[in-house]
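What follows is a pair of complexes built around subunit A, which joins subunit B in one and subunit C in the other.
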Partner chain A sequence: MTIAAAAPTAANTAARFSPRWLADQLQRYILHIVVIGLTVAWVVPTLGLLVSSIRPFSAQATSGWWTFFSNPTTFTLSNYTDVLSQSNLGQAFFNSFMIAVPATVLPVTIGAFAAYAFSWMRFPARNAIFLALVGLLAVPLQLTFIPILTFYVQNLHWTTDNLTATGIPGLPWVPLWLAHAGYGLPFSIYLLANFFRALPSDLFESAEIDGAGTLTVFFRIVMPLSVPAIASLVIFQFLWVWNDLLVALIYVGGAPEVAPLTVNLANLTNSLGQGSNLLTSAAFFSMIVPLIVFLSLQRYFVRGILAGSVKG
Partner chain B sequence: MDFSVLLQDIPTLLVVIIGVPAILAAYIIGGEYLVRRLPDKNRPQVRPWLWVGPALFLVAAYLLLPAIFTIKQSFENNAGDWVGFNNFANQLGDFPNGGAWIAIRNNVIFWLIFYTLFTLVFGLALAVLFDRVRYEQVVKSLIFMPMAISSVALGLIWDFMYQYQPPGQAQTGTMNALVTTFLHHDPVTWLQDQWPAEGFNVLNNLALIGAATWGITGFAMVILSAALKGIPGELLEAARVDGAGELTVFRRVILPLMMPTVVVVGTTLVIFALKAFDVVYVMTSGGYNTDVLAFRMYKLLYSSYNLGGASSVAIILLIAVVPVLIFNLRQFRAVEARR
Partner chain C sequence: MASVTYDHVVKRYTADVTVVKDFNVEIKDKEFMVLVGPSGCGKSTALRMLAGLESITEGQIRIGDRVVNNVAAKDRDIAMVFQSYALYPHMSVYDNMAFPLQMQHMPKVDIDKRVKNASRILGLDNFLKRKPRALSGGQRQRVALGRAIVRSPKVFLLDEPLSNLDAKLRGQTRIELQKLHRDLETTFIYVTHDQVEAMTMGDRIAIMNAGILQQVGSPGDIYDHPANLFVAGFIGSPTMNFVPVTTSDSSAKASGFEVKLPKSVPAGKGTLGFRPETVTDRISDQSGTLQMKVDVVERLGSDQFLYGQVGSDSVTARVDPKMKVEPGDSVRLGLDTRTLHLFDAETELALI
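And then the complex of A and B:
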């Protein structure tokens, strides 16, 4: 991005060096300065943490991260090697995947089934149920934690210890998967139903005439046509679950065998104390996956947001 | 890092990557197989419930029923005995600094107003400014990037921004370096400072809100930018040809046309503001009068195991959200009516 990349403006016809021309040029420079200035201001917090994470602790404690640029020889990766050997980050990274993958697959798939029915099947109270789902989008999740947790612990005996003791792989995360599925479904159904409904009805009629069953229509026609909507939903839900702290904290807690990266990082903050050098590298470690997903699939992510998100 | 963990957990990996989709596929294929064996006239009655069934079950189990139980719980003590409005009285007595009042004030005044306002103003300004430069996509990505990182990481990033060293020492936090160098002011303890007055601590709440705003502005910007691109170019040209300055064009043409989108983004932000949790949890743990309702509920539940108290705080949160909820539903209906 260079200043030379000037934007076309409407009034660009004034003669060279006339007062009008000068004013236009000036305005254009101011625009670029403001745009670049704001962007730089936005990047500084992240940049500061990144630079801090490659400085030794002694330097971090006594001088600001910006001094690194005048003395770049202090570069070190020890913060990264230390945090990876000391904390359970490897395990937490694995746990985050174990949580995020099913917690994405479940609401997207089940949501797609439901959205298909809401868009192309008739059943009693269809619109009323759909409206209720939209209403549930805004309900604070906090409202649901206590009864679910009580039910999990008292009726199902689904505590992390009990579930781990069964030795069945993946079982300790089942409570969390189901919870994320329940919380993610209203948004998932809302987004997909809007997309499915916009598909041309001729498609369904001709498929029916050809004798295609519901399953064939769903898997061979609806799914392939909806790849963009499903992709944006998958990214949205994956990032949401990956970055979630509250739901994980409530349903699986901080036990290192099951806790995801966010919980691990929050625990590190509490145990090491804010300002510890290891936190900088740990924070960056936790950002790797979301940043890769985001940078490679940004287009779909933005599309998902534009599809009318009121999720939180 | 201990990579052996990845080898030990291969069964888990298989369960997750093969098992979960397999169960879902088996459900729908098996269900359809059964539906097809039904008599012709029953099929259309049964089939929709096969498809919406799991979704309705999960939503009922995880959102609807728990919400109803929480309402009931807020009138009970831990043993399940009816205590009337006692829980609410505990939370709402002692105005203005006791019970939940600080959390209510922070949520309903500070967060709701400043978080929504800052985000909308920044989002709108960035959308309009970026629309005029050719490198729009690059700068937009950079503003949007904080959306991809977790609020825990966001909290850490801002902890470093707000770091405090006593006056006279070299400041390590960016904000205090700016304050001491350019304003020649003593360094500020951003997250603890009670300015302007104890009990009306705007500054440290704004510090938290600023961090959250930084994270969410990209969201507002992207939606507002899409709405801006939807305004026909001829309309703006016509106004400029008529001699309207850029500010007038913005105020009289762009803003009115973008108002519906601003309202949608605004209501979404209001809901986010009322549900604020992560930033507070990571940065102050609700200390120094920065408590918010979601955090207070969490604390009552986990630190004090006060089920009734936690439920009543959740209900207070719900009551704050309901007007926005109704507004959203009306908007949704209006949009549906236009389809």
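And then the complex of A and C:
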């Protein structure tokens, strides 16, 4: 015992399986356990969807997806080939892009400018306006459909038919872009303003003395330092718009020339559930883009981007 | 190259929060002026008003002959080094230094020349491509200096530039800064709370307390002739001994000793001040004597400080390092009466 206590490693061995050791181990692994648990909870349904998409309709209708593993001979790609041939997938894909890209760029850009003003410029009622904006986060967007649509249609005559009739490409989506921008702005501003506010004030004062104007400070100092915040905001907003069905359906309707992928997918199945087998494969098609967006922006989540700026 | 004048400058945030009160200083061309004082005394605010980062409530600040109250920071022809360095973390060392010149739309060739020159002076040649995060504290500090140098400003403002460095580097940088001041031949205004920095670097020192300028003078002048009790206590380490005394004509009586004053003062109460180095183990004809009960002995190698009681007053003495003293001993020490200070009990102003 005395020998064991002399060497630190031996002392650890001696304490193994004591209640204290157990608590330490538990604490160390509890984070891992939680993360793994969450991952499993998220991955299993996705896996189920994937497995279902490679099973024939008859099998899908009669047994659960997990039975596939005991009888893998039912494998088929017909769901994928059907969805590609039956639906207007290519057009819908294109429409989704045409909707999602401007509907992401608009609120993020405007939000960044506004957030800079809210965090680093002085103007009357700044805090009151900011609070009102944060309050908008709590407004359910369904409430806005009727007043905005009324305004679009009655005052501006912006119906999808009217806008399509002008022949200008992209114009039918303008109402939707503006709507998405409006819905996204409160969160954009809130998130970015909080991030900008945390930048060290010395940087701004130093830039001021160096002779940089407001725009220069914004583009050459604030923007480069805010890449992680902007990247996460872009992901949020893009995914929200990409996955949105309701807002798109309300503002542009279901015409195949303008409707996004989500509307197209919803139309695959009828109210009796026919064609629901196609949904599984179509869902995988629609997942490709969000995955690409996420993976390509992920590298901008740099920790410690401010390192070396202030303090030794 | 220019002088700087603070003319009755006041900084008030609200009606009853005044951080700088009637501040008057004239800083000569090419002078190294140190603003020193405890934290919250208004020294940084005074500097920031000169930099153009704070508005001036009352009075005038002039750079050369030009009143700069309403001149934008970038047009004041000053450069500032921040305590935090405030480097742009996403730019290389080169770009950090080039940034102020790019803002002036200077041709690329000239920018390159100036940045290279500054990096040579500061020994940053090998780090030009690095980002600030890949630099040590001392190197970052030099980049911040470089960013100021490239502009060749009329006035350099330094806001506690050494306080984020470790003690050894601080000592080195102190010397480098003095060299730099000599080489650049520019007005330097340096804010610090560290009286050692003030004493060692300043041509002149301005001491502030609670928003009020206490005294301006050369380090030696301030050390030898502090204008009031605050200055006497702030400058010098260990701090000056302060002992309440009753004066009558030309002698002062404390609880544990009595000394002859170098000149006669009106009878009354006052505070006698004398620096630790005037209390020694050498007793001569001119010196008074005191009997000290030693509480703490500090041996620094080159010096030996004794902390103890004389009568009912605490006194610090600096004695020969070879003197053998232990805590609890009672020793007889000499007090050199030639450099005594006497402060008025009420106004705290120096009488001697």
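Structure notes:
Everything below uses one rule, namely that the second predicted complex is superposed on the first by the 236 of 312 C-alpha atoms of A that agree within 3 Å, B and C clash if a C-alpha of one lies under 4 Å from a C-alpha of the other, contacts with A are read in each partner's own complex, and residues count from 1 in each chain.
The criterion applied here is as follows: contacts are C-beta pairs under 8 Å (C-beta built on N, C-alpha and C of every residue); 3 or more make two chains touch, one makes a residue touch a chain.
Please read these numbers as outputs of a predicted model, since none were measured by experiment.
Of the two partner chains, subunit C is the only one that A:Ser206 touches; subunit B does not reach it. In the superposition on chain A, contact is made by A:Ser52 with subunit B only, not with subunit C.
Of the two partner chains, neither subunit B nor subunit C is touched by A:Thr76.
Contacts of A:Ala138 after superposition: subunit B is touched, whereas subunit C is not reached. Taking subunit A as the reference chain, the count of touched residues is higher for B when subunit B and subunit C are set side by side. Of the two partner chains, neither subunit B nor subunit C is touched by A:Thr164.
Legend: residue contacts after superposition of the two complexes on their common chain; A:Leu225 is shown touching subunit C, with no touch to subunit B.
Residues 305-306, 308-310, 312 of subunit A touch subunit B in one complex and subunit C in the other. Subunit A meets subunit C in the complex at residues 200, 202-203, 205-212, 216, 221, 224-225, 304-312. Residue ranges of subunit C in contact with subunit A, taken from their complex: 51-53, 73-74, 78-80, 82-90, 99-100, 103-104, 131-137, 140-141, 147, 164-165.
Put simply, subunit B touches subunit A in their complex at residues 1-3, 5-6, 9, 11-17, 19-21, 24, 28-29, 32, 36, 44-45, 47-49, 51-52, 54-56, 58-59, 61-67, 69-70, 73, 125-126, 129-130, 132-135, 138-139, 141-153, 155-161, 163, 170-174, 177, 214, 217, 219, 222-223, 226, 237, 240, 264, 267-268, 271-272, 274-275, 277-278, 281-282, 293-294, 297-298, 301, 307, 310-311, 313-315, 317-318, 321, 324-325, 328-329, 332-333. Considering their complex, residues 1, 5-7, 9-11, 31-32, 34-36, 38-39, 42-46, 48-49, 52, 60-66, 84-85, 89-91, 94, 97-98, 101-102, 105-106, 109-111, 113-114, 116-118, 121-123, 126, 129, 131-148, 150, 169-170, 177-179, 181-183, 185-186, 189, 213-215, 239, 242-246, 249-250, 261-262, 265-266, 269, 274-275, 279-280, 283-284, 286-287, 290-291, 293-295, 298, 301-302, 305-306, 308-310, 312 of subunit A touch subunit B.
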